[in-house]
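For reference, the structures are reproduced in the following blocks.
Two complexes come next, and they have one chain in common, chain A, joined by chain B in the first and chain C in the second.
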Partner chain A sequence: MLVHSRTARRAVHTLFLVLFLPVFALPLVVIAAASFATAWSGALPSGPTLTHYQDIVRGDAPRALLTSVLTALAAGLAALTLGTWAALAAERLPRRARRLLDGLFLLPVAVPSVVVGLALLVAFSRPPFLLNGTPQIVITAHTVLVTAFAYQSVTAALARLDPAYEQSAAGLGARPAYVLWRVKLPLLLPSLTAAAGLCFALSMGELSATVMLYPPDWMPLPVQIFAATDRGALFAGAALAVALMGTTLLVLLAVSRLRTRATYR
Partner chain B sequence: MASATKAPAPVRTAAPRRPGRRPAAALWVLPPVAALAVAFLHPLALMVWQSLTPEDGGGPSTAHYTQVFGEASFRDALTTTVLIAAGATAGALLLGLALSLVIAFVPLPGGRAIGRFIDLFLAFPSFLITLALLFLYGTTGMANGLWTDLTGDAHGPLDFLHTPCGVLLAEVTYFTPFVMRPLLAAFSQVETGQLEAAASLGARPWRIVRTVILPEALPSLAAGGALVLVLCLNEFGIVLFTGAKDVVTLPVLVYTKAILDGDYTGACVVAVVNIALSVALYALYRTVMSRTGGGAGPRRGGAPHRAGA
Partner chain C sequence: MRAPAAPATARPAAPAAEPGRPASGIRFDDVSVAYGRHGEHTVLDSFDLTVEPGEVMALLGPSGSGKTTALRAVAGFVRPARGRVLIGGRDVTGLPPYRRGIGMVVQQYALFPHMKVSENVAFGLKAQKTPRAEIPGRVAEALEMTGMAAYAGRQPRELSGGQQQRVALARALAIRPGVLLLDEPLSALDAQLRSGMLAELARLHRELPDVSILYVTHDQIEALTLADRIAVLESARLRDCGTPQDLYRRPRTAFTASFIGTANLLPVTVRADGTGVDLGGRLLTVPVAEGVARGSGATLCVRPHLVGLGDGGATGNTLPGTVTEVQWRGATHRLYVSVDGHRVMADVRELRTPPTPGDTVTVHFAPEDAVLVPGGLTGDGDHHG
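The block that comes next holds the complex of A and B.
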């Protein structure tokens, strides 16, 4: 407690809310409000309507949403496997090699996503990997971009893990594979599900690399939102954005319930 | 772990205690590294190679670089990128510091909910912020609508979203939580006893912040700032959604050259410059992190194990 006087505290809190609400809370509220409106010329949106949502259901938005979900599931799963594997393997390495591996796996965070898209486009448009124009190139790009986060969170979780469990299992004669499968992975399960949720959310919202290389028949939802706002259909774009946020939130919620169950085991 | 990284010569870890385990461990690393090499490193290498290959064949040359560096659009994009990134980082640091100080040390009802909300914010794509700002400050939007309602004018006064200021505002909004996560983690480590002692000795709140809290939080602040700087340099969605023709950053230039103009080689050159800038900064960030041991969670998305909460 830094400010003791009640009036001063109230002043600080007011200032906080004046800064916090417009900057962080309002954007999300505003998008939700706009998705039900036809015009916004006054202080509040006008012309309440459900047309945008009806259009979503009728148009090709469900397909885009499905594309996004499938891409995010595939990329999240691949990234989780790759990141967990690398993090587990890195743990056994000498310190210098581990730092090298850290740098290698975190490099995609530093490289701009647009550039990742361009690089994949350049590399996979020629043999031996002809992926240009297929869904796989989008999934590969998303996997590259989110693997860093899976790797990072599993590494952090491994560092917090009490080595005593592993050691006692090994001391009782368990083989390394058995220790990994029956001791380490169950202990890591809460972190793994959280990492999966994060990867899924990031992949759902990925636009920069996707816009460089999506094929016409595999158009994720963020690209469609951009297409809508780019042609001036802001309110339809807002409805699509609500659909995107809603789906992401639902999956995150499901993951967090899964996680609570995993921690109780 | 923090103290271990400071020791220049590790004494005990040098001798391999279990010989025969290390080669196996090195082998286990190979599959993920191979996957990364195929999907990421090899494309990057090919991109660099393409930026060095002249159109008429022959050996590598820097002709494309000279050409791109000579373009005014490239120099403008470089300046714009750096200026916007620096401005957004400064803004995010100031705002994040102020908000985190209040959340941590002047607790208000619902503070935990606010923390959760910030976690959630990080899971949303950045372009949604621009979309929201269009409804807030756009030519037809809440702020201008309020103005026309009150004054009866035909147009509101605000029209800055298509200028660098709009991009700046969106980036500050989106990246402030990236500063707040590590800061809140660092603030939770500050001993309340120290604050009480300083306060009972008569220090004013501002002095306590300056002499007790800030020195503790400085590594996290530096780490968060460096990370946000890199992310701002790489930001694309926010700028794309503003639809501003006169705000061209390096990632936007890469997109324009490759997709709209079909000039892949030129795009590769810009991309290489962008990578060099970002990776150099990111390397600096990692060095700061390992030096200060600010590892309490100041990574992108903070401690990601809570992001799904």
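The block that comes next holds the complex of A and C.
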């Protein structure tokens, strides 16, 4: 504890809330409020209504939400697989090669995602790599963007893993594949689920690369939110945003339940 | 200077394992291990040692002496830059750890936290594709042997340090290895548990007489209690090797003498006539072995409990000195006596009226209780190769 006295601690907590709430939490509350409004001219939105939600259910929003979830699941799974595989392989590399690999995975995060989207569009618009206009190009873009996070969190978890587990297992006669499957991956499971959740959430909210790439029949929800607010339908957009937020939180909650069950310490 | 410590390479190598029996016996054949990009940090240097089938060999040395590296070379976790490692007469130098047929217990046990005790013990059996029907029996047997049968269904985190230790042993023994590697297995336990586990390990070894045990420790008591022979390592080299009694009574280097038990180490010069040594002008009668060069510097080693208070008579060596410190140790008194500036410790039966610091006393020791080791006290020379 850095702060000992009770009043001082309370003051620090208050300061934290004053700084944290307006920036992190309140905007989300405002969106939720706006999604039920018909007008907003005063300090608070007015004319409470459920029309926006009714419109969502009737329109093509459910389809867009499904598109988003499917994209995020596919991209998250691919990113987790690739990231874990790469992190496991990187462990054995000499230091310099390892740095190079770290940099390679970080590249799509360092580059603006609009650029990543455009790059993929240009690269995969001609045979033999013709992905333009397919859902796959959206999923590929998301995978490229989020793999870095999976790679990094698995790398960090591997660094924390006591090599004595792996060595004991090998000493007991277990082949590397058996050690990986029965010892290393189970011990990494909490980090793997955390990484999966992170990748899923990032993919659910991805917009800038997606707008460069999405085909008409594979429009993720963020694009629709952007379109709605762009044409001035702010409250409808807010309702869509709430739907996106709610779905993402639900999936993360499910993942975190899985995580607590997998945690053994 | 006499070559020390015949590291027992002259002995016949362990016979190759018969089918159906695990390979036992370990041989280090001129093993060197180095780290760094160009192998500039040598952590084990030209190591030669043979552990017979069924023998308990302790690798004893301070941290950084290379003892753990030697064990890891047997396990296959480090690759020697030079030399060969043989298990049961088979060259395993190039084999991965999982093909060496060893059992190993590491310092922190490394029980798999996501498996029950019984699953931990079954791990090696499953990994080696032991017939499924055999596994429960073998697990029960190993847990029985270490007294952990009642804990089969527990999670490792629910066990105390000593219990985890036993499970780790059971896990290593379940695969019926010919060679058991123990890397400071008791260092994480408190003193009382440690002596209990020592007795337990001795019993286990009696029950498994064919298993060779390589036991790495920095604790001389563990080595003296458990080992058939002790290999003393210092600065990446083997300094001495012999039975505990041999090393204690007849250390071949000053380092061994000071590392195993307590010793008075006095810098002396061997007299030209070979009848004794010269301690700063004082003549002492001690046996001088054939190989010790006359007229050269050497170290005289006398155990404190073999130093008596008073005059040694006609045959003994008598040294006058000044008491600098007196420690009461229950059954004994330890006196620190300064003899011409050299510190001499004497452990004597508890005295009714012990001397006090500043008193002038004489101490004595019998010639046959002193051991002459070659070399000076610091940087004890090139004893090995």
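Structural remarks
The working rule: the second predicted complex is superposed on the first by the 245 of 265 C-alpha atoms of A that agree within 3 Å, B and C clash if a C-alpha of one lies under 4 Å from a C-alpha of the other, contacts with A are read in each partner's own complex, and residues count from 1 in each chain.
Heads up, the rule we're going with is that a contact is a pair of C-beta atoms (placed from the backbone, for glycine too) under 8 Å apart; a residue touches a chain by one contact, two chains touch by 3 or more.
Computed from a prediction, not measured in an experiment: that's the story for all the values here.
In the superposition on chain A, A:Thr229 makes contact with chain B only, not with chain C. When the two structures are aligned on the shared chain, A:Arg182 is found in touch with chain C, with no touch to chain B.
Legend: residue contacts after superposition of the two complexes on their common chain; A:Ala174 is shown touching chain C, with no touch to chain B. Once chain A of one complex is fitted onto chain A of the other, the partner contacts of A:Tyr165 are limited to chain C, with no touch recorded for chain B. Comparing chain B with chain C, the partner in contact with more residues of chain A is B. By the touch criterion defined above, A:Ala119 reaches chain B but does not reach chain C. No residue of chain A touches both chain B in one complex and chain C in the other.
Put simply, chain B touches chain A in their complex at residues 1, 10, 13, 21-22, 25-26, 28-29, 31-33, 35-36, 38-44, 46-47, 50, 95, 98-99, 101-103, 105-108, 114, 117-118, 120-121, 123-129, 131-136, 138, 140-142, 145-146, 148-149, 172-173, 176-177, 192, 195, 199, 205, 208-209, 230, 233-234, 236-237, 240-241, 243, 250-251, 254-255, 258-259, 264, 267-268, 271, 274-275, 278-279, 281-283, 286, 297, 299-301, 303-309. Touching chain C in their complex are the following residues of chain A: 162, 164-165, 167-176, 178, 182-183, 186-187, 264-265.
Put simply, chain C touches chain A in their complex at residues 75-77, 96-104, 106-108, 110, 112-114, 123-124, 127-128, 155, 157, 171-172, 175, 181. Contact residues on chain A toward chain B in their complex (touch as defined above): 1-4, 9, 12-13, 15-16, 19-20, 22-28, 30-31, 33-34, 39-45, 82-83, 85-86, 88-90, 92-95, 97, 101, 103-116, 118-124, 129, 140, 143-144, 147, 149, 152-153, 156-157, 159, 190-191, 193-198, 201-202, 204-208, 211-212, 222, 225-226, 229-230, 234, 237-238, 241, 244-245, 248-249, 252, 255-256, 259.
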